[in-house]
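Two complexes come next, and they have one chain in common, chain A, joined by chain B in the first and chain C in the second.
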Partner chain A sequence: MAAASTSSFIPLKPRPTPRGLSTIAVLKLGAPLSFSFRRPVLAPARLRISCVAKPETVEKVAKVVKKQLALPAETLVTGDSKFAALGADSLDTVEIVMGLEEEFDISVEEDSAQSIATVQDAADLIEELVRKKCA
Partner chain B sequence: MGERAAAASLKFVTVQANSASLAEARARVFEFFKTTCRSIPTVMEIYNLQDVVNESQLRSAVSSEIRRHAHITNPKVIDMLLQKGTEELHNIVQHSKQRHHIIGQYVVGQRGLVHDLGTKDEGTSDFLKNFYKSNYF
Partner chain C sequence: HRRLPAVIPTPPVSASPFPNPKSQYCCLSRNFSAALTPLLPVQLPSRMETHLWYVVPDEVKSAPLLSKYMELLPQSERDHVLGFRGDQLQKSALLARTLVRTTIARYQVDGHLDPRSLRFKRNIHGKPEVEWETKDGFCPPPLQFNISHTSSLVACGVTMNSLIGIDVEEKRRRTKNNILAFAKRYFTAHEVEHLNAIPDSELQQQEFIKLWTLKEAYVKALGKGFSSSPFNTFTIRVNTAAQQASSGIAVETLDSPQNLTNNWQFALLELMGSHYVAICLERQETGGAGKAFPIKLTARKTIPSVEDELVSGTNAVVTIGGSVTQF
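Then we have the complex of A and B:
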């Protein structure tokens, strides 16, 4: 199982029907189907690339974090600062991820969002998503 | 932007089964919060809120609403609150509400009614302000 997972391997849980199938089903049956939208599944297992993010990205992330947590401007937010150490609870962390989604116009998957603990993690993830989007 | 809005579309809202544990309820709260945040651009466009507020202010309004109930530990109560929140979000996104509802409830929010923020009383002294509010200060 995932007990002996290495540091860079995050197995995704299997998700039910992708979005296209659900909308077709709604049109066919006519009666309201109760489902909530599930985002389409990416590749089954994603290897997380731990490359260094650009310093501008880290700067932008730090700015969003500082604004969200209402920290004074002199607080040093580096790549290694953990969100919990800066005084963010779990809801703050989710809100920061949402702020980053808005700022960079990306969409972060749930499993990736769970693994974000430091500013550097967030910047790396953002770089990867931006690169994938433009590719 | 398109994929974010598509990701948050709520077609039909039904009651889900009770969450088995506090951890599952907690996960559902975060899911709800994310869905709400991803619907915020749609809401701003529907109700023309671009000049009134920006997205991060709406986000913090939503998170403060969630934080008001952060002390609750009973999963059933959390489920009930989530159901109410989902219903509210559904009403807003389906344009069942109107602009003044959104502005009054989430933009101005708990800070005070709109007429209290007018410029009429801004120059008056604190004594007068307290006097208008109550007899004892």
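Then we have the complex of A and C:
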């Protein structure tokens, strides 16, 4: 491994990728070797939902996440933010889902709960469930 | 909220003395431009043994050392580590990858194994596994491993043959939600009853964490992903028998409630008085009449390539559940 690759500035934040590409990137790199392997590479397929969530929903999800993880209010949390990268372990993730269920008055299936990896995933799922509920 | 400097620095150009001469790493500072001390090789666990290795992130403070660890990782894993937000998260992610690579390399199944050379893949359900090189005459060992980490502890369990799942958690971890509300939503009725019966809220919270780690360890041992075994589809039964020093732990799946699933064995440990470690193992053999052999456990605290300490049998590792013999 060339020394040059480690000697330059090491960014603390990943480069943001457009939402549509982030899933592909995960698949191509063989998926980050997070120990929450319970979100398998196949998980994104579950979340191909017809609509993309409104920004307000993403905002609300971000708020629940920041509260659960005790992040400072000014922490930048966007749709692309991964729960794990923000410091959520599996217990945090389940608590976040519980918080989202209360916030949006929905019920999330256990297996769906575990396939949520990013804030956007959560927001999209919520809108889908809300839509079904009101249909 | 002041932005802290990155824990993982660029490799320094020239040697500099370690700020604290009394630091246990001061001898490292003289040599850090040279290779780290070689990993002490370890014998493969026997079929009946479980090896537990752990790192305490707070005890790993040397920036040059962390740099060296970073160099052990392929680019994709480095990117993954750097994707974590903040120094503490990055550090424990780095230590987790370092621990798994250096631990497996110690077993030296193929001459001297460079931790850098290990490749990992995922099984069809997403569980990480070693991808051994297929060389002529080389039979990869049936080494099984599993990792768990929090910001304050990184642990890796290793066996020969037995599927293994481990989970670690701080004893004092608190849920944001009320424990019983959480348990009613995600655990089974029996487990809710078990928790509800505990009058002291501190003990109840600890019992909740124990159950959580045991359930996590089970799902991780199964290796089929959380969605195949949601937490409310199986019960962890903890039996405190007066005659036994520590309780028996068993898992019962909802679809076959009459048969306690005998395939899985559990151990629950209290580590350094501060953490719970749950281990779930595939049962390899039973003694007569379906009686399980106790889990033979060897536990080592490590700072990879710096020092190892055998801690099993000391008060750093206390068995609080399951049948365990420490070596």
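Following the convention adopted for this analysis, the second predicted complex is superposed on the first by the 86 of 135 C-alpha atoms of A that agree within 3 Å, B and C clash if a C-alpha of one lies under 4 Å from a C-alpha of the other, contacts with A are read in each partner's own complex, and residues count from 1 in each chain.
In this text, a residue touches a chain if its C-beta (ideal position, glycine included) is under 8 Å from a C-beta of that chain, and two chains touch if they have at least 3 such contacts.
This one's a predicted model, so the numbers in the text were calculated from it and none came from an experiment.
*Asks:* By the touch definition at the top of the document, which applies to A:82: first (chain B), second (chain C), both, or neither?
*Replies:* second
*Asks:* Counting only touches as set out at the top, which of chain B and chain C does A:105 meet: first, second, both, neither?
*Replies:* First partner only.
*Asks:* Chain B or chain C: which reaches more residues on chain A?
*Replies:* Higher number of touched chain A residues: C.
*Asks:* For A:115, select first, second, both or neither according to whether it touches chain B, chain C, the two together, or no partner.
*Replies:* Second partner only, chain C.
*Asks:* In the overlay, answer first, second, both or neither for which of chain B and chain C A:90 touches.
*Replies:* both
*Asks:* Which partner does A:135 reach: the first (chain B), the second (chain C), both, or neither?
*Replies:* neither
*Asks:* Considering only the touch criterion stated at the top, classify A:74 as touching first (chain B), second (chain C), both, or neither.
*Replies:* second
*Asks:* Once the two structures are fitted together, what part of chain A is touched by chain B and by chain C alike?
*Replies:* 32-35, 37, 39, 67-68, 90-91, 94-95, 98-99, 110
*Asks:* Over in the complex, which chain B residues touch chain A? Could you list them?
*Replies:* 1, 3-4, 6-12, 14, 26, 30-31, 33-34, 37-38, 55-56, 59-60, 63, 66-67, 70
*Asks:* Once bound in the complex, which stretches of chain C touch chain A?
*Replies:* Going by the criterion above, the answer is residues 1, 6, 8, 10-11, 67, 70-71, 74-80, 82-86, 89-90, 96-97, 116, 120-122, 125-128, 147-151, 169, 173, 175-177, 182, 185-186, 212, 216, 219-220, 225-227, 230-232.
*Asks:* In the complex formed with chain C, which residues of chain A make contact?
*Replies:* My answer: residues 1, 3, 5-14, 29-35, 37-42, 67-68, 72, 74-75, 82, 84-87, 89-91, 94-95, 98-99, 110-111, 114-115.
*Asks:* Chain B touches which residues of chain A in the complex?
*Replies:* Result: residues 26, 32-37, 39, 67-68, 90-92, 94-95, 98-99, 101-102, 105, 107, 110 of chain A touch chain B.
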